[in-house]
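In the two complexes below, chain A is the common chain; its partner is chain B in one and chain C in the other.
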Partner chain A sequence: MQPNVNVVSLVSIGRHPQSGRSRRAEQDGRAVELGLSLVGEALTVVHVGEDQDPVLRQYAGMGLPSMTVLSQGKECDALPVLTSFLKAQLPSVVLTGVRSESGESSGMLPYLLAEALGWPLVPRVAEILHIKDGQAEVLLALPRGQRRSVQVTLPFIASVDNAAQEARQTAFGPGLRATLHVETVDSVVDDAAIQWEMSAAKPRPKRLKVVKAKTAADRMKAATAKPVGGGGKIMKNETPAEKAQAIFDLLLEEKVVR
Partner chain B sequence: MIFDWLPPTLIGVLLVLAGIGAVRRINLWRAGQSEKVDILAGLMAMPKRYLHDLHHVVERDKYMSRTHVATGGGFVLAMVLVVFVHLFGVKSEILAWALLAALVIMFCGALFVAKRRLNPPSRLSKGPWMRLPKSLLTFSITFFVLTLPAAGILPEGFGGWLLTVVLSVLILMSLGEMLFGMTWGGPMKHAFAGALHLAFHRRPERFGGGRSTGLKPAVLGGDVHGVSKPTDFKWNQLLGFDACVQCGRCEAVCPAFAAGQPLNPKKLIQDMVVGFAGGTDEKYAGSPYPDGSGGVQDVGNAVGGKDQIITNGLINPDTLWSCTTCRACVEECPMMIEHVDAIVDMRRFLTLEKGDTPNKGAQVLENIIATDNPNGYSPASRTHWAADQNLNVMKEVKQADVLFWVSDGAFDMRSQRILRSFVTLLKAAKVDVAILGDEERDSGDVARRLGDDATFQSLAKRNLATMSQYRFNTIVTTDPHAFHCLKNEYGDFGSTALDGVEVLHHTTFLNRLIKEGRLQLDAFSGGKVTYHDPCYLGRYNGEYDAPRELLASLGIEVAEMERSGYRSRCCGGGGGVPITDIPGERRIADMRMEDVISTGAEMVAVGCQQCTAMLEGVVEPRPVVKDIAEILAGQLKEMH
Partner chain C sequence: MSNFSSNDDALHSVFRRDLRTEWIARNRLHPLHDSVVSAQQGGEVRGPTGLLRKNPHVIGFIGPNGLKRIDRANGSFVAIGGKKRVPSAKDSQRPLHLVENPEGYIMVVGDMIGGRLTSHDKDILGLAHQLAAEKSKVAVVLVCFGENKETQCDLAGVDRVIHLEGNVFEGFAPEAGLSVLQQIETSYQPMHWLFPDSVHGGSDLGSRLAARLGERPATQAWQVTSEKTISRGASGSQDISRTTPRILMLMEECANAVEDTRHEALPLALEFDVSMAEGDHRLIDQGQIDVDSNAVPLAEAEFILSAGNGIHNWDQFHSAAAALRATEGASRVAVDDGFMPRSRQVGASGTWVTARVYLAVGISGAIQHMQGIGQCDKVVAINTDAGCDMVKRADLAVIADSEAILAELTRLAQQRELSKEEEESDAA
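Up next is the complex of A and B:
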């Protein structure tokens, strides 16, 4: 543990996929867990939203003596409030989930925060191995249980992948007794979002999977093998400009950019 | 005579020391939390509770009950007379003769105590308990001889100073055990603490043939939830622990102990005593906790103190999580000690304060909180099982004669077969029935037994609020756990939803239907059948007859297992134990299936979906497992 590092975990109100009921969000819970394993009770946990939400007590029940709530209504945008909070706090590490379970759930918040603060963003973190001399060694989660180790300079923002350590059990008593530091903030109403109409998603019909494999070994292979992208190309020695051009061409080809 | 003053002085000194010990002991109990007890009424009721209720339990072991009457009764009478004859020096031959008679009775009893100790069963504690019969015999012989002159049988001053000195030494030894040991922690402590425990019992409803099995609600919102250190127990719970005679009857019936899981209810109670009195368990001379892999744990390393957290060094949490809350120990305990209350109290601390429910516990609790069922299914799919059942839903009909409480069996395919069978029977009997449908929630049983009383209370209140919107006369459920919660535990939350409503288990209800002639059934001809009493139906609610009468109505003569009725062995499914899953040497369900097989039955009838799941989980070949509702539905006469 490195309690002298300033770590902030951002948490939101999750939504249970079956019941639709409010809950501690999966990935945000992992962000708190990761923060606790890094710095213990020195962790700062921040929520932007309503300070009365009982779900906050579920986060606090993970053993947080206190939480910070930047209090504002549902219709307000979290981004500007968080940006100014983090600018004032200047933490070394900010942990978030990959995407929220309710609201827009665009997964953009960590990116927009990183942009506003001018910090690097490390997406889909599985583990932070250690922090030393202004550098952190971070394990990224790749598909199929693979990991990639990267070095990041502090301060940075990391989104926490489902591969990270699961959130610990929340305990009722400590959650109830934790102090909530409620800060009133200059909120900005999210004009665009309040125009939107939310409706339940309909499950898309799934294409039937035809299993061609004849033997158990084949099925195992089919289930575990890496997808082989036929058209892939590795560029190592080209100049950054050439690499950028290649990416741009691909985006054009895939009609992502027109 | 130069030493004549010695015996009375010794008696007096020991009495005073016993008095000092009693005050000390009482202060140890008083370190517990306050609890309202009617002291006077309790003391007045105590003799009756001893003679009637306690003896009712001791009676199950005829040898011991007679021995105890003789020894205990003889001693109490003798002690009172000793005070008059030898301490106050009352000169009365009648008293002296009465004293002699009491001592003879005691002597006879003590002989039988000694006989049992010649080759004691493993459930009995050894150590100082092996000394007790000798002390009892010495006491009776010594005072017999000492009383002979007073009775006029021997001349005054017989034996000279030598006899007086010898008798004095014997008095010191035996009376030391009986009086000094009684209040300073010797084996005789059970008499002193036991008498007061009977007087100030936390569940006085249990006396006089009553039943009190619902857990007491945890107070939510304080500095600590549940019991973390011994002084968090109520004072009369501490007193109760002190009453234990280490007879090991609880140990002999505990399914977890038999399965080699790290629990022994007797040791647990002794550890509680170590906790509030302080010290270590090195003096414990009974069976240790099993270690979960065929061996036993070492004794002597557990350290406790009244303000020390119990699970830090006194008791391993695995011990607490091994308990199925089957109540076999409570049912069997002659001192009427409440093991299950204590275990759940300590579990509450682990879950509500430490967030440390083992294995699947955390996930199950999280699911219950987020979806009102332990497996995290969509609450909107709760009534899918009844899609083809054409059942009334309360939300639409608002009232019905009978509310069928479906329970979480609704999500489980095996349990659904029981539910469907029961509905078939209800329809055949033309019962006006409705269900809550998707408005029903988990009863809270699992959450409560796992120590999460916050979630239990929240579920109970929401279920009560739902039910209060509708009108019905009876609730019937096929799940004994939900039955217990609804009947015995929902009453603590100030709702009127269940006022005047009768809560019944489906076997009781079906039995009534049959007696009223509303169900026509064919006789059963499928071979030998035995019946497994679910703990939460039998010991928790005293329903042993209805299931048997139902089977009898089909012409089935139940081939009873050795452990049946109030002595039924748990299936291993209660108390959240399948969720916490503490390793043992064997599985409880396997042991129960062996009980079944030893009757030669081809089918075991049960009245609980959890028991069904546990027993059906035993590898085949084994007897068929069926709920009574399924058996009855199979025998329903075709209506034309």
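Up next is the complex of A and C:
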């Protein structure tokens, strides 16, 4: 816990992948969880959008005494509102999800905020190890379960990956009792997005496996051949040390052994 | 200058017929007929009783398309020169797609995992060619950072390459990559920027560039023409169709990879001093952290050390896996015998793995197992049987007893660990 650091978590309205109901967004929940583990109840949780949404109470039910809602319509752009809010607040750490579960879900918001504020951005954070002397040590989630340690100067923006600590269960009663600070803001309508056509997602066509053989013999070969990647190197008569060295060199070349 | 194109020096594999010998072999009245035919059949062979032996297997000849033909009318026509014609890549060399003095560029920034084009990258190159085909004289440029081991850029559809190497681009260095992309933007003003929308860094770099240039990109795009783009929104539940922006981040299988043409893959000049590329001093990469390799799910592990029936010393196998920091896998036999848990089984009724390097120790390679490792890039086999299927599949096969090799590998890994520690203590 580092209560002297000002941490802001940005939350949005999620969407359940099967039922389509609105819910606490997966990654935003993790962003709140990470914020709570850093500063506890001193965490500021901000939502830009409609202030009456019952999902906000689900976030509040994670143990937040209050939440801030910058109230604006659905078709408005969150970026200018958030930029001015963060410029006024000047937090040290801003946590977001990687991608929202509703709207365009482009995942551009943290990047645009970082650009507008001139702060560094760390993408796909799994854990914030510690914050000390204006520096934070952050673990990035790489593909295939790997982690990378990065040291970043405060203030910074981090998008929280699915590899981060799962969001805690939300409590209904405390969620209802939490106070929502609703601020009305000068909102800007997202003109570009209004011109888009939105429709329910069509299933993507499966890629067909086309056999491009010209003759029947080639087709027979393609149908019966075992998947053999011929032309490998075979070492038979060398000493065990040489053989092991050859394998080890390959592992080094492929950078799986560091 | 490194060469990214596939080689095509297969001149010596051209099939040449010796018409005169063929004619002599056909003509039974020719004075040289007997000697030519017996030479083709590997000389006259007589059995112990002095009888002339005929080899029934040399009847017929291999025709021009690689099939065996038996000419009943003229039995003496045997494969001339005895050479079987091997169909080579040269036969089906694709036509070369030339772009001279290009007037526009489409930049494709590949993920290049392990220095090679991924299938995602290849699909995007295919899409870039679809976009380029609608205008004339547009070159598709591959932008890649770090090491490039790809040898088939020309077949994947790369007209030009911008390749930047240097320590600045190693590891987590988004700002260095971004500065290069900005330089490309000012020097070439590309028609489109295409990025793979992937967790391997493509989406991160694309978003950074879009934010820097102040352009609104289309993310998770899956159907793109030069006018209209359809992309997924709202966590994949909606399709957004809009006019095609300049920066696109594309999903997998967004188009078909290039299959019919060959490309030049020429280096494209970029006035960029690699030593000038400075990362953001506020982001300091401290390198990858050692994670518990056995906690990584087998299906997504990068490096798997897999054990089969040929392992007798299981303690040694586990210690080797720990020393190499490999995820452990097993064949069905090892699991059935109770040496490994069922969750570690690779192949049918187990896990289908996607490792970049798969090190198979004492696994002969049943077809059910080979199916499971179909997506692995590099397979290394350690086996005592040189004729087994795993050795045929492997990129590097070692014919030896597993115990000796594993002991050596463990020693090498520990040695490397020690030398690294020494270096670190020297630096500190």
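Here, the second predicted complex is superposed on the first by the 204 of 258 C-alpha atoms of A that agree within 3 Å, B and C clash if a C-alpha of one lies under 4 Å from a C-alpha of the other, contacts with A are read in each partner's own complex, and residues count from 1 in each chain.
By definition in this document, contacts are C-beta pairs under 8 Å (C-beta built on N, C-alpha and C of every residue); 3 or more make two chains touch, one makes a residue touch a chain.
Everything numeric here is computed off the predicted structure, so don't read it as measured data.
Asker: Touch check for A:Ile247: first (chain B), second (chain C), both, or neither?
Answerer: In the superposition, A:Ile247 touches chain C alone.
Asker: A:Gly107 in the overlay: touching chain B, chain C, both, or neither? Say first, second, both or neither.
Answerer: Touch partner of A:Gly107: chain C, not chain B.
Asker: Scan A:Ser19 for contacts with chain B and chain C and give back first, second, both or neither.
Answerer: In the superposition, A:Ser19 touches chain B alone.
Asker: After superposition on the shared chain, which partner residues are touched by A:Arg144: those of chain B (first), chain C (second), both, or neither?
Answerer: Second partner only.
Asker: Of the partners chain B and chain C, which touch A:Ala217 in the superposed model: first, second, both, neither?
Answerer: A:Ala217 contacts chain C only, not chain B.
Asker: If you tally the residues of chain A touched by each partner, is the higher count for chain B or for chain C?
Answerer: C
Asker: For A:Thr170, decide between first (touching chain B), second (touching chain C), both and neither.
Answerer: A:Thr170 sits against chain B, while chain C stays out of touch.
Asker: Which residues of chain A touch chain B in their complex?
Answerer: 16, 18-19, 21, 23, 61-63, 168-174, 176-177
Asker: Show me the residue ranges of chain B that touch chain A in the complex, using the header's touch definition.
Answerer: These residues of chain B touch chain A: 220-221, 223-225, 351-357, 361-362, 365-366, 369-372, 376-379, 452, 454.
Asker: Can you tell me which positions in chain C touch chain A when the two form their complex?
Answerer: 65-67, 114, 171-172, 174, 199-200, 203-204, 207-208, 210-212, 216-220, 222, 232-242, 253, 256, 259, 280, 282-289, 291, 295-297, 300-303, 324-326, 356-357, 359, 367, 370, 374, 377-380, 382, 386, 389, 391-400, 404-405, 407-409, 411-413, 416
Asker: Can you list the chain A residues touching chain C in their complex?
Answerer: 14-15, 17, 20, 99-108, 111-112, 114-115, 120-124, 137, 139-140, 142-153, 156, 192, 195-202, 204, 207, 212, 215, 217, 226-230, 232-236, 240-241, 243-248, 250-251, 254-258
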